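Chain lettering (A, B, C and D) follows the sequence in which the chains are written, and residue indices restart at 1 in each chain.
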Amino acid sequence: MMRKEKLHILSSKQVALDTVEMVLENTYISKTAVPGQFLHVSVEGHSLRRPISIADIDMENETITILFKIIGSGTKQLATYQRGMKIDVLGPSGNGFNLEIRADSTILLIGGGIGVPPLYYLGKTLAKNHIKLISILGYQTAQHVFYEQRFQEIGETHIVTNDGTHGKKGLVTDVLDTFDFDRYYACGPVPMLQAITAKLEHQPGFISLEERMGCGVGACFACVIPTDTPDGYKKICKDGPVFNAQEVSL
Amino acid sequence: MMRKEKLHILSSKQVALDTVEMVLENTYISKTAVPGQFLHVSVEGHSLRRPISIADIDMENETITILFKIIGSGTKQLATYQRGMKIDVLGPSGNGFNLEIRADSTILLIGGGIGVPPLYYLGKTLAKNHIKLISILGYQTAQHVFYEQRFQEIGETHIVTNDGTHGKKGLVTDVLDTFDFDRYYACGPVPMLQAITAKLEHQPGFISLEERMGCGVGACFACVIPTDTPDGYKKICKDGPVFNAQEVSL
Amino acid sequence: MKNLAMDLPGLNLKNPIMPASGCFGFGREYSEFYDLGELGAVIMKAATGSERFGNNTPRVAETSSGMLNAIGLQNPGVEKIIETEVPFLESFNVPIIANVAGSTVEEYIAVAETFNQTDKVNALELNISCPNVKEGGIQFGTDPDMAANVTRLVKQVSNLPVYVKLSPNVSDIVAMAKAVEVAGADGLSMINTLSGMQIHLPSKRPLLANKTGGLSGAAIKPVAIRMIYEVKQQVSIPIIGMGGITSAEDVLEFLLAGASAVAVGTANFHNPFICPELIEALPEVLYKYGFSSVEAAIGKGVPSYG
Amino acid sequence: MKNLAMDLPGLNLKNPIMPASGCFGFGREYSEFYDLGELGAVIMKAATGSERFGNNTPRVAETSSGMLNAIGLQNPGVEKIIETEVPFLESFNVPIIANVAGSTVEEYIAVAETFNQTDKVNALELNISCPNVKEGGIQFGTDPDMAANVTRLVKQVSNLPVYVKLSPNVSDIVAMAKAVEVAGADGLSMINTLSGMQIHLPSKRPLLANKTGGLSGAAIKPVAIRMIYEVKQQVSIPIIGMGGITSAEDVLEFLLAGASAVAVGTANFHNPFICPELIEALPEVLYKYGFSSVEAAIGKGVPSYG
């Protein structure tokens, strides 16, 4: 269940171009969150909260790691917050990734840019259960790459960059065909997700979606997405952000 | 001439109930400001600046002291600013006190509450020129008293409090009659200034006024006060905040 | 403790704080944060005759001290609301206000009639002012005659007290208020959102899929206060005030301007506990400014009342 | 550098940035901060037929992301402005726009005629929308026929291009814009302030002596963008856009919505250098979003133009 919590900032550092990693301390969220859930972060002077995925959790030390890209005024300000300060957060929010996986499966993680973070905590959790992982991570340029080393520690990892400055040149979809897998998990920009779900139409998969949010708790109907379900729609903040790739229309 | 300057906060401390003293560092303003002028202080998240009087200047160390009372959201926030931070200020603003005083004069300083600060720098400057000073300072209660010691260092000083918890019980106007003087300078709430100017109607005097400001530079006509001058009005931010007591209609 | 209670047509409010329509769904989500029984009342999300899917996304945008929304009245339809949502709210000890919307006069009447047939809601809020529905909603909200007409017809089919929710997007708010008062409104809700827009620079297009949206939040509070203050001098039915409330001081400002109760919208999104926190903070603020009850403060800022 | 120049009726603007009327006096004060010749143009404070002392104080109040003002058109009268203020502004290489106000149609005509007789100002801005004058100003601003009438009569006595400044306090901004276009307006200025109020809790009375005031600043930007966007699709005369501009991104947003130039008001109070800073920042923002000139961006967010 979601709560409103104050999280202590333990560290904040730049890990790639315009990309900040923040480690936060909180008992409740570290104990209850599952991969794929997000935090709804309050930023001073802003009327709406910012949804940011949980990128990692250290249950023992009760820390939560988030990674965010500086896009507009909210993330710009969040990037100025320093160790010792507290942030006000709703979380853990939404529904995470489906973790019911057969033991001998091979799982493909497909991340694009700032869509990579939630896949890390997912991957780490799956790796702990000895699931075989292949990660394909796409970034704009070498300067944008983060967490390559960490993904390598949990499985085979392939980096692609738009301009070829690191790893293979191209898009994540250019290398998808190369791998055999049982299920995929993807997070990234909508065009990437559209290309992936089209290409992997007949493979089971889960995707994590973004939409502009009002409440972040399911009350305002800002973040709906059309689905094949009886209601005809789902709320990304509450029913998502993770959906079965077959279920939603992008 | 007024400039837009960044001022380093050297210290910020509470000196009385809800009253903060802040010492700021700035070359230009410390070199050019005269007693009675004010700073127009930017406070984050607020569309209008806050006018705060200059309470003291140390020309050698290039510091400016301000004292402010926590009234609403702007001063509340200003009170959270710590040593090491910078504040954005327009200043020195307005016209200060008339300092042309005959050498053998006795000057009465009359301050009420948060109207006391500008009188301190005035008094200090006059004392340097060996002008005899008598200060009458009124506060709500003993808890509100500040700068008593400092005023004593520059001349005879009488404290009155509304509830008699420190000094004499009563209002500054209750003790005015007791003194002989050549000219008075007053700053404080409007009712106090009205009482003083009525009581000292035939004495030369100068008063410092407050009004809600827009621009603080004389452009928006927010802060006008009716006067006997040909224009029929003056601007507190530019022509004031100090006026000849005879000239303005309170 | 100060007396926060307040009686309005159909509503025995234990305090004057309620969540605003559309910002609180049907209460389920916020009931996970606190007991909805603490609230003065709950105003449900707009109900239309049949299910609506609303506008395309994006549906919200952030603005300085506010936000734009163009949800487009997404809701499961009045029948389903009565069937699945009202019973949940009934489990709390809190008056329920149903927000009634539609594209045609007939739809308004049908929705009001349906609510009236159940004895499960305490009052209707007639949303004649939603700027995000194209087919007519906006018309009712800016034309005094049409507003009066829909009010009159709804009153004819319903025994429930009717609060008409006024749009601020008008030249003359007093004319609107008077028209619906004469037509039989039991109270007013004001204000709904101001029509606004944000252009998304990268795409060079309005950010909201619906292009325009309704501006809410602290940014619009001065407009709400002005309108309530003006209307209070000219009408005698009570006003539920809203628009940018974020603090107990804001609540008092609305009371002084002439509101008898208030609704809180956008502020729920930043702080899900805003309503109970306001209820807790209000007595001290009333005391600080010399009021012994909510009732004592109502309209005290308005010359002819104060 | 990007081409910031823009030609409008009567105005050769070297860039699209000008201070808004009433927020810049007659330029003297801000000329101590920077060379007014850097500006696209200067819009002077409102001029009336004879001297006005304006409203009582307090005249301003701060609001969330904005402010209220009720200055009440204080000014020394048109003759004195021409005698003492215009010559000062003439010493800079900058087009001058005179803001024309009045309580009666006759006063508007007289002020316009007086400006017309000097050859010292480049255009008139007809302020039919000041919400702080009781005697009639507000009427012109909300009634299309009255607005058209005063526009027509002013055009008859003046060879100067006339920009009519529209009030946002109307149900139908497009109707207002069309009416003054048909009446001969050469351009539009929009928007003026939204009518608002703040109640001062300690005194339990409206904070402004005038009670209501005009809301300006970032809070109102979404309303301004929406209105300009709507009007741009229906009229063909150019629009000077204003309302809450604080950044070069905001300037581009106004251009995309359909403004051909912009005015900056409230932001001057917080940052006296805002206008030159916007002028300096604009080329990079235009470049970032793919525009080679100001002209290329105008109306590009509007379907029928983009």
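Quick notes on this structure:
To be clear about the criterion, a contact is a pair of C-beta atoms (placed from the backbone, for glycine too) under 8 Å apart; a residue touches a chain by one contact, two chains touch by 3 or more.
Here the structure is a predicted model, which means the values were calculated and not measured.
Under the contact definition stated at the top, no chain borders both subunit A and subunit C. Farthest from subunit C, judged by the mean position of CA atoms in each chain, is B.
Remark: subunit C and subunit D have CA centroids separated by 33 Å (rounded to whole angstrom).
Separating the CA-averaged centres of subunit B and subunit D is a span of 36 Å.
Averaging Cα coordinates per chain places subunit A and subunit D 46 Å apart. The geometric centre of subunit A is 56 Å away from that of subunit B, both derived from CA atoms. Shared contact sites, meaning residues of subunit B that touch two or more other chains, are absent. Residue positions of subunit D touching 2 or more other chains, listed in rising order: 63, 65-66, 217-218.
For subunit C in complex with subunit D, the residues that touch the partner chain are 63-66, 68, 142, 169-172, 194-199, 201-202, 204-206, 211-213, 215, 217-223, 225-226, 229, 244, 249, 252-253, 256-257, 289, 300-301, 306.
Subunit C contributes residues 22-25, 28-30, 32-33, 45, 53-54, 57-63, 65-67, 69, 71, 74, 76, 217-218, 266, 268-273 to its touches with subunit A in the complex.
Residues 1-2, 4, 42, 46-49, 74, 90, 211-226, 231-233, 238 of subunit A touch subunit C in their complex.
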